[in-house]
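See the structures that follow.
There are two complexes below, and they share subunit A, which is joined by subunit B in the first and by subunit C in the second.
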Partner chain A sequence: MHPQPNSVGIVTPQTAHFDTPIALKSGATLDSYDLVYETYGTLNADKSNAILVCHALSGHHHVAGFHSEQEKRPGWWDNMIGPGKPVDTESFFVIGLNNLGGCHGSTGPSSPDPKTGKPYGKTFPFVTVEDWVETQVRLADRLGIEAFAVVMGGSLGGMQALSWTILHPQRVRHALVIASAPGLTAQNIAFNDVARQAILTDPDFHGGDFYAHGVVPRRGLRLARMLGHITYLSDDVMGEKFGRILKNDVFQFGYGVEFEVESYLRYQGDKFADSFDANTYLLMTKALDYFDPTHHHRVGLSAAMSPAQADFLVISFTSDWRFAPGRSREIVKALLDNDRRVSYAEITAAHGHDAFLMPDPHYHALVSAYMKNAAKGLGI
Partner chain B sequence: MIARADFAAIARWVEPNAKVLDLGCGDGTLLKYLKEARNAHGYGIEIADTNILACVEKNVNVIQMDLEAGLSGFEPQSFDFVILSQTLQAMRNIELVVKEILRVGRQGIVTIPNFGYWRRRIQIIGGRMPVSKDLPYQWYDTPNIHLCTFVDFEAFCRDQGVRILERHVMCDGDDVSLLPNLLGNLAVYRFEKA
Partner chain C sequence: MHPQPNSVGIVTPQTAHFDTPIALKSGATLDSYDLVYETYGTLNADKSNAILVCHALSGHHHVAGFHSEQEKRPGWWDNMIGPGKPVDTESFFVIGLNNLGGCHGSTGPSSPDPKTGKPYGKTFPFVTVEDWVETQVRLADRLGIEAFAVVMGGSLGGMQALSWTILHPQRVRHALVIASAPGLTAQNIAFNDVARQAILTDPDFHGGDFYAHGVVPRRGLRLARMLGHITYLSDDVMGEKFGRILKNDVFQFGYGVEFEVESYLRYQGDKFADSFDANTYLLMTKALDYFDPTHHHRVGLSAAMSPAQADFLVISFTSDWRFAPGRSREIVKALLDNDRRVSYAEITAAHGHDAFLMPDPHYHALVSAYMKNAAKGLGI
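On to the complex of A and B.
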């Protein structure tokens, strides 16, 4: 058994199969699909203590704990979720899921299309944040959860939490929007497109149908991840971690790995290329690009967010230049304009965008305090 | 039990159910008190991490930002009262802050310490910068960079087009009516745009 006393321990993912067709924002329809999810803690009798944790770009359902005693690394937000942790599974019932279009068990481009028996590949429809919220609503219905105590997430996960409060205001009591934005900036969309181009132009991509060819567009995925990784860190933290350290003392005058930072990025890129689906990466980055609650209403963010009824905790990180504090302040401003209950904290952190996954004591203390009050307010 | 003498005076002026903005709200004690005493709602603005955490612990809405940069996230006339309790003297740009208070709020409520208080005058005559229980800092470590007397503050208000509606002078928590600029060490002012 894993030694951590405050871990949720060994967890087993579950699959929910849905046969009711879902009409996606793109106009396409999926007749049936699976969602893979994990839960931690116990759902109380009146089902008022459920927390939905929405994942970011390359995330999935495995948020906390371990799948086996052999698993070395716990779920991706294990420092946040567990008994006695900021999101305390002693009082809350926490759900993590892999979004539609994902590549960790939920139906996505690498899943077999029931019509053909072959992977969807390029025929898998585009998905949006709003589509994900719809699938999450259906999962909540399946579990008998009328309203979530908290919907929370970082980055793209924060966008889902925001979207929940607009689309289903009666079903969210509290929203935690962390290191997120009400829509990407042009610079962010540009980074995403470079990442996509790396994949789309990889000769092994085969228009998205690489599964049939028995290959993976590894080079593209690797480049996409390397680029992404740079933007999720801060210059300071990269400098501190790697500086100009060389693997060997002298310059090689070649294009191999010379600097430590090159070695690190290539390792991260390779690891990612081995575990993530190229089509899913394309879909998720497009979902990020498309997210904009104001788009269809042609109104400002304050008006777009006017349906929201939840109480909010909005958190940003000072060194996050990809989802900069200013973007969180836009969300806060829209909430202030609507007289919503909101607190906003700007955490001084060195780690850039990735800071939201780090166990910063002040950040965790804030989430912990907010959650305790949320629990008290809901009589949990 | 409230920690500071000016809180009760502020609460008396805040109408029931009012929407308030507390600038430099500290650990959120005043906002919590105003909620309990007047059913007031609103937000605090704070810059210090420890205070942000204290506010969240108290279930008080708090926005982490630097007051010195103005109140750009807030719409004109969106609050009934904007409160600045014992913070004014520590601010760099007082003209801007007072202007912003009256832009976003219908009325402003400000608490200031009085540098004209007789004990401080005596310390100055004695040749030293005043140090006391209510202004405990040495000249070199004080956050208070803009100390004034009541007479100074009221002159400032006249010059800035600020109409003082009410003034409540205290000394160590007790009300003062006689020779306020000499015998009072703290005053709460309620004001609006002239």
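On to the complex of A and C.
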């Protein structure tokens, strides 16, 4: 057992293979695919204690615990999920998966296309939030889970939770929609497009078939990540953390690192460029852009949310300018218009969009209380 | 005369050549250089009615009027400057210049180095706001202007106005500091660094010597401009202008233009990449980063501003998140700490940072009133 207290300990990812073709929103069909996932806690006898954790842009199935004794950092939401933690694995059975199109084990553009044996690359179809929900439904079916106690996620993960409640109202008891939005603003889309253009115009992208050329579009991915990082943090927290602190004592008059903030951003960009698939990044940003429950039926958000039956906890963070609290309030209003039960909290937090990943005591106490109540209501 | 009413009409740029070497803040020396400039109105007998307009990141000397009958768009601040306009050329003599390091006629990285006959490229020295002020002082000397009635500018231009009041307090009667800041925040620097990295890592940049290769780093410049544009506009105005409007009626599931905002940004990026020098862009962003009156003497802003003798009009715009009103208030506080006369206005405007270029009636009325008063006080 890993020495970390309150940890789910060592976990081993599993792979579910699906060979029933899936018709995607784009019109394309994928004949078969794998989803990699992890589980924490124990599924109870009537399978009523399952939680689905949906990931954001660069997330994956490794949500909590460690893959080995040697692994230094636990899963990406380990502070939220574990025995005695806000999402308590003593009561709940938690599933984290890597979404279709990802690059952490689920079938995606870097996976071999069974027809050719070569990576899908640019032939991998576009995926939407709604498509992900359908693949998640199939995973639930595979595990015998008729209804989730909770579907939850932050950011793009929150959009999936929202989509679940619309598409499969009978299969979600509670939805936790954190630091999310009912759709991107023009500014959000604009930032995504700059990131995409950075990748698409990198000569090493090769129209998405860079695998065959033995290169990766590092420059583009690096820029995309640097830009993304700025939007994840608040102006204030960047000011507190870096301010105008110089790497050296005096100005260098060169294009090396002058300010600490440059050092941080370039490091984040480099790290990401070494590990993330460029085609997946493109797909994920497009899934964000496309998400809009009002789009298909050309109705307002209240009408779009009308099928939802779940109870909701909606959380936003004051300094989040990527998905500002006002966006969460749009969701809350739409739910109240439909007489849904909604708890809403706007957490005072300095960390911007990234706050949803931080162990803020107020935030965690709130989720904890909601989850305890939910467990009670569900007789868990 | 151009048919446009209240226009300064057809103007012809002039070039001033300087061959007294200038020692720059970076430690480098430039032996000689040209500054291109334009003037509007008439310099009065005692040369007391001169105004210097300092430009921002991508600006230049063509501030008002037209270069020819055929030119479709007037200078970049034509709505502000002309007969009967807020900066009234019936009373004032207005000078616009292209800063050293620019790419619109003043000596810069794309100019031939007299020693080699080839473009300076990466050997062109770094320039700072303080360096620009020194070159502007020399231009004033050349024109026999002992003191400016007004030094004014928006954004980076406002930083130059601020710097004038510190470095040459006896040579500035009034400073108009609009949509500016006493120094960049970590977030501002971070955005600049992403833009720079886009250019620096473009394979067509060739370490700054792309001229010799017959190419320009279009991809990098285009990304830099797209990103810049997002920060010039407010989230709200982007929402109003573009929202989630699609170029076509349905999702295309491709990487072409999906949303109108993408079309707009890519167009802006392409246009800029075709016309602006990449090395100049790098230099200008570095000048922004370096600007910090408190840096050299390690003092607070109030102490740094203590030499200033001018009267000030400081203006900010509510929706400007690049240089937010709070940044202008820092300047105002520092000036008040020094018992300077300061008028401050926070203009309610939707257009974000770009608002300083827009003909907002309240904004223009305010500048107009301030300028009339200034003229009166100066006996013009």
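The rule is simple: the second predicted complex is superposed on the first by the 379 of 380 C-alpha atoms of A that agree within 3 Å, B and C clash if a C-alpha of one lies under 4 Å from a C-alpha of the other, contacts with A are read in each partner's own complex, and residues count from 1 in each chain.
Just so we're on the same page, contacts are C-beta pairs under 8 Å (C-beta built on N, C-alpha and C of every residue); 3 or more make two chains touch, one makes a residue touch a chain.
Please read all numbers here as calculations on a predicted model, not as lab measurements.
Asker: First (subunit B), second (subunit C), both or neither: which does A:43 touch?
Answerer: A:43 contacts neither subunit B nor subunit C.
Asker: Is A:239 touching anything from subunit B or subunit C once the two structures are fitted on A? First, second, both or neither.
Answerer: Only subunit C; A:239 stays clear of subunit B.
Asker: Touch check for A:139: first (subunit B), second (subunit C), both, or neither?
Answerer: A:139: touches no partner chain.
Asker: For A:313, is the partner it touches subunit B (first), subunit C (second), both, or none of the two (neither)?
Answerer: Once the two structures are laid over each other on A, A:313 reaches subunit B alone.
Asker: For A:333, is the partner it touches subunit B (first), subunit C (second), both, or none of the two (neither)?
Answerer: Only subunit B is touched by A:333; subunit C is not.
Asker: Would you check which partner chain A:365 touches, where first means subunit B only, second means subunit C only, and both and neither mean what they say?
Answerer: first
Asker: Once the shared chain is lined up, is A:303 touching subunit B (first), subunit C (second), both, or neither of them?
Answerer: So A:303 meets neither subunit B nor subunit C here.
Asker: Once chain A of both complexes is superposed, is A:350 in touch with subunit B (first), subunit C (second), both, or neither?
Answerer: After superposition on chain A, A:350 lies in contact with neither partner.
Asker: Contacts for A:373 in the overlay, against subunit B (first) and subunit C (second): which applies, first, second, both or neither?
Answerer: After superposing on A, A:373 lies in contact with subunit B but is clear of subunit C.
Asker: Could you please specify the touching residues of subunit C with respect to subunit A in the complex?
Answerer: Against subunit A, the touching part of subunit C is residues 25-28, 125-126, 183-187, 189-191, 193-194, 196-198, 200-203, 219, 222-223, 226-227, 229-230, 233, 235, 238-239, 241-244, 251, 253, 255, 258-259, 261-262, 265-266, 269, 282, 286, 289-290, 292, 295, 321.
Asker: Name, in rising order, each residue of subunit B that touches subunit A in their complex.
Answerer: Residues 19, 43, 49, 52-53, 55-57, 59-65, 73-75, 78 of subunit B touch subunit A in their complex.
Asker: What part of subunit A is in contact with subunit B in the complex they form?
Answerer: The touching residues are 313, 329, 332-333, 336-337, 339, 341-348, 362, 365-366, 369-370, 372-373, 377.
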